[in-house]
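What follows is chain A paired twice: with chain B in the first complex and chain C in the second.
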Partner chain A sequence: MKIGIPRALFYYQFYPFWKIFFESLGHNVILSSPTNKEILKKGIELCVDDACLPIKIFHGHVADLMGKVDTIYIPRIVSIEPKEYICPKFLGLPDMIRNSIPDLPCIMDTELNLYRGKSKIFDYVFKLGKDLNVNKNRVLVAYYKALKTQKQFEYQLTRELRIPQDILNETRQIQKDQVLEKKPSHIKVLLLGHNYNIYDDFISMGLIRKLRKQNIAFITSEMVVKKNILEGTKKLSKDMFWTLGKKTIGTAHYFLDRKKIDGIIHVASFGCGPDSLVGELIEKKIKRDYTIPFLSLNLDEHAGETGFNTRLEAFLDVLEGRGYIEDNFSTYG
Partner chain B sequence: MQKYTLGIDVGSVSTNLVLLDEKKHLIKKLYLKTAGNPIETIKKGLGILHEELGDVDIFAVGTTGSGRQLASILVGADIVKNEITTHAAAALSYYPNTQTILEIGGQDSKIIVIRNKTVVDFAMNTVCAAGTGSFLDRQAQRLGIPINKFGEIALKSHNPTRIAGRCAVFAESDMIHKQQMGHSIEDILKGLCEALVRNYFSNVAKGKEIRPLILFQGGVAANTGIKKAFEEQLEQSVTIPENYDVMGAIGAAILAFNHIVSRQKATRFLGMDIAAQNYKVKSFECKGCPNNCEIIQLFSDNKLKARWGDRCGKWSSTIAV
Partner chain C sequence: MFWKDVDILKITFPHMGNIYIPLKTIFENLGLEVIPPPFCTRRTLELGVAYSPEFACLPLKINIGNFIEALEKGANTIIMAGGIGPCRFGYYGEVQREILKDLGFNFEMIILEPPQGHFFELLNKVKCISNKKNNSVKDIVRAIRLAWKKALLLDQLDMESFKTRPIEITRGQTDKVYNWLLQQINDIRHEDNIDNFKTKIIKAFSNIRISDKATIKVGIVGEIYTVLEPFVNLNIEKQLGELGVEVSRNIYITDWVRENLLPAFLKPKDHTKMLQLAQPFINCFIGGHGQESVAQIVNFSKKGFDGVIHLLPFTCMPEIVAKSAIPRVSQQYCIPVMTVILDEHSAETGFRTRLEAFTDMICHNKEVNDFAKVHSRN
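Up next is the complex of A and B:
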């Protein structure tokens, strides 16, 4: 069977697991195309108007897979960490898709809910196995194989400090990563935001591409091990139960305390509730206790890059702390 | 022969050209309406300079503003710089002890925080362009007031009415309601100035430490009503530089001048006769991949000069020049 996986949202976090899991059960995994104008256009047409950009783009990716696959895998992701939740839009994603897109192929909407404990992962994989008509033994073999790949993926992120696109072989030419520990450039930026925003070259208007071009070293929360994120979140006055927001805030606090970074770029989608809150919390924290520059970039359907570039270029100028009297600024940018 | 440095700021509403002399003093400034056609406006500006000053020796050229890339391709610029950096450069050259710059232009509003002659922080309006010059322009037009009288009329108000400032659409309907309730035009205009400043502080300047000297730059600085509203809100005086409307262009020229001096290179300026050439822009959608990039081609007298807009470099790397 051909199983389609939309190249959006949790693709950037769980694709290695899903790919190996389905393939070891003898299925073909088909990915949708990288986000492009057509996908954006279809997504906006199909999706309800109030959703955030990444959800709209997800709709476009589902549309892109139609006609190419037998089934589309859209898990109902409720919780990926005990006692924490994911954004409600993920929870209702299969229902949103079913209600908005006509003539869909079969949708696999297996629920992933680890709220009551990590061991609930087995409920999820056995349910997946049942949907695919395979017995529990084969499911377990596939699960451990997939888990190994997933762990390797996470190792590459956190230890080798690579970014998902490069590991998942998305970029045409894989550049040597210019990340903190590896090749120290003179400026180090902490790049915060949901992985499905910052790693999607189209949504993020090539932010990572542009940083690399300017030889700016960056680190993202995907590159930070969980222990350090948790250490960062300890500073909060109250425990956060949004997994994604917690990851962002924890990373910010961890690096702010260690003074290892020159600036923070926070990428938020317009209309994302948690993003608006998280950005504000980090900015307030910086204003109170630190003096490093903070840039908030809001993304929506805009295709004109001028406004985005102006903010980014000006921010990089600030980071370099160029005295404007002297001539030590870059010619372009 | 006297050498001049040219600075061009192509903004959403206005296109400004300045000429500086070798001591970086302002010799000539032009403030033209972009009117949706940056190429023609730049040409027109160069034409005016050429007519008034004759053949001048251009030492360096810098471009800025949202149309800076386009302007750079057209005239051959030595530096292409964002508005924040150029505004700061210009402000510091006139007022070295500047610590805060409030800048409101056609579509952008920004705050620039400077300490020890270095930009340490800035913020710009986010997705929404509420409370910028083009909105004021539109409201003045709707009320039938020339925009240059806006501030003057607003200052006559003794009892400004409160206008919703969060969103331009809300502000407009609130203004209409107030006007239908019988509020005088000066009270409404002053109310609008206060709403815009309120919006600026809650949206753009939130949390920033505003220290004197405070400069107010950009086209909207011409509006004395807004200046007054800023001063009332800040309880501090706000300085408007003499050339508040062309500070971006001055900054671009200063940076270009410094660049050429330090690198000891010749300028890349293509010459004043650009103004006489016939430029045409044609665009098409590339069908090479699903990105469907919009490619823009610039022709000068039917010869392809530049191409841009592609993500992969397929078109922009094969420029004919």
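Up next is the complex of A and C:
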């Protein structure tokens, strides 16, 4: 069977797992095209008006797969960490797709819900297995194989400090990142935001590409090990129940406290619920306790690339200026 | 603990419709001073908008306005509800505390996290808040019971007013009676006086002179805060009433209390059953009242309503998911649905016109249908 996977949302987090899992069970995995104008247009056309950009784009990717595959995999991702959620739109994603896209092929909307504990992952894979009509033993074999690949992927992110884009696009020549430790003289930026925004070159208007071009070293929460993120979240007066929000704020606190960075860029989708609060908390913390340049970028389908570039440039100018002054001081001091 | 250093606790909380009455009752009966925020006005909104994150949802902003105005009046302790997600409401309190701190206010914020099955936790918190007053558990239970009974009366009050407002002969009669009763419920001090109040409400409304004009029936569904707070929903219930529409809503104050402050086993069973109506469109809980909004549209259609209005604050996540289902639901159950997105720029003027257009459309549909029926009979 040809299983279509939209190259959007949690593709950037779980694709290695999904791919190996389905392939081990003898299926073909087909990805939608990288996000492009056509996909965006389709997404806007199909999706309910008020959704955020990544959700609209997801609709476009589903449309892109239609006619090319036998089934589309659109999991209902309720929770990937105990006692946490992603966001209401993730909970309702398969419903939104069904409500908004006519003439859909069959959809696999298996629920992934680890709210009550990590071991619930088995409910999820067995349910997947059931939908695909394979017995539990084969499912387990496929699961462990997929898990291994997923672990490898995560290792590459956190240890080799690579970004998902480069690992996932095997075809593209692998680019060693200008990561913090390796080039200490560089300006270091903490790039915060949901993985499906910052790593999608189209959505983020090539943000990573642009940083690389300007020789700015950056780090993202995907490159930070969980332990450090958790350390960063310890300061919160209430545990945060959004996995992505927690990751963002934990990373921010961790690096702010260690003064390891020169600036922060926070990328959020316009209308993103969790980020409207998370962004505010980070910004307040920075304003109160630190003096570090902070750039908040809001993405939606109307955002123009020129304005985006101008703001990015201005921010980088500030950073570079600062680096220069500090260098001067140290020479004389 | 902090309340030892504060001389007198002056408690406040956010507005949401009439919920201030039962809340006030609880704290006052425990001997605490309460300073409710002034009713929401333009200023409340402006303060809220000025100091809240730009993209936060509207309820958070109005809460901020409420808090600022109450603190200005001398309140020093804010009581706020918490939550466990997935929606933003559960994290409101945390963000609001930071905002108010940055503004330099001196206050404490007590966030009541949902007891998740432990009703006694709630009792304990209330006990902590009022510990200076030596209230026994019995006193607390009594205060809560009185407040609960008031909440039930308030819901009844709303329901009665929905019935008479569209057909009152002298415009404004219903509002007069409503406000008079509201004041009385507010003033009740003892449980003894509350039990016969139900009949009093019914009697008071039956004194309003009404016509036998035919009304159309419209249900109101959506995000709870926008449904319950008239300032935010531009007085939709009153406006519709004046247009000759009998309204009904999906959520009342008591529902909110049940959901947010009481353990799961106290929730009515038919609720789960009702939610099943949403399943073909929204298959699981998605946070807030998203699934419920859809289920209620089906429910209203089954009950023979002529239309439904769906309210949500701009960027409200669960209701956006619900909105994606509305075209299908509306078509399948042959019921017109109008979605109204509310934000700080919503204004009453244009709104009235939209409501009129919607009701006209419903009346027109009705006529066509009736006409068809008459003809098919002949």
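Basically, the second predicted complex is superposed on the first by the 312 of 333 C-alpha atoms of A that agree within 3 Å, B and C clash if a C-alpha of one lies under 4 Å from a C-alpha of the other, contacts with A are read in each partner's own complex, and residues count from 1 in each chain.
In this section, a contact is a pair of C-beta atoms (placed from the backbone, for glycine too) under 8 Å apart; a residue touches a chain by one contact, two chains touch by 3 or more.
Being a predicted model, the structure only gives us computed values, none of them experimental.
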{"item": "Touched partner set for A:284, first chain B, second chain C, both or neither", "value": "both"}
{"item": "Which superposed partner A:117 touches (first chain B, second chain C, both, neither)", "value": "neither"}
{"item": "First (chain B), second (chain C), both or neither touched by A:26", "value": "neither"}
{"item": "Touching partner for A:270 - first (chain B), second (chain C), both, neither", "value": "both"}
{"item": "Which superposed partner A:314 touches (first chain B, second chain C, both, neither)", "value": "first"}
{"item": "First, second, both or neither for A:82, with chain B first and chain C second", "value": "neither"}
{"item": "First (chain B), second (chain C), both or neither touched by A:206", "value": "first"}
{"item": "On chain A, the residue positions that both chain B and chain C contact, one per complex", "value": "270, 284, 298"}
{"item": "Residues of chain B touching chain A in the complex", "value": "66-67, 78-85, 88-89, 92, 108, 117-122, 124, 126-127, 207, 255, 258-259, 261-262, 289-293, 311"}
{"item": "Residue ranges of chain C in contact with chain A within the complex", "value": "53-57, 82, 84-88, 90-91, 93-95, 97-99, 102, 111, 281-288, 290, 314-318, 320-321, 323-325, 327-328, 341"}
{"item": "Complex interface listing, chain A residues touching chain C", "value": "47-51, 76, 78, 83-89, 91-92, 94-96, 98-100, 111, 236-238, 240-242, 268, 270-277, 279-281, 284, 288, 298"}
{"item": "Chain B contact footprint on chain A (complex, rising order)", "value": "33, 36-39, 202, 206, 270, 283-284, 287, 291, 293-294, 296, 298, 300, 302, 306-307, 309-311, 313-315, 317-318, 321-327, 329, 331-333"}
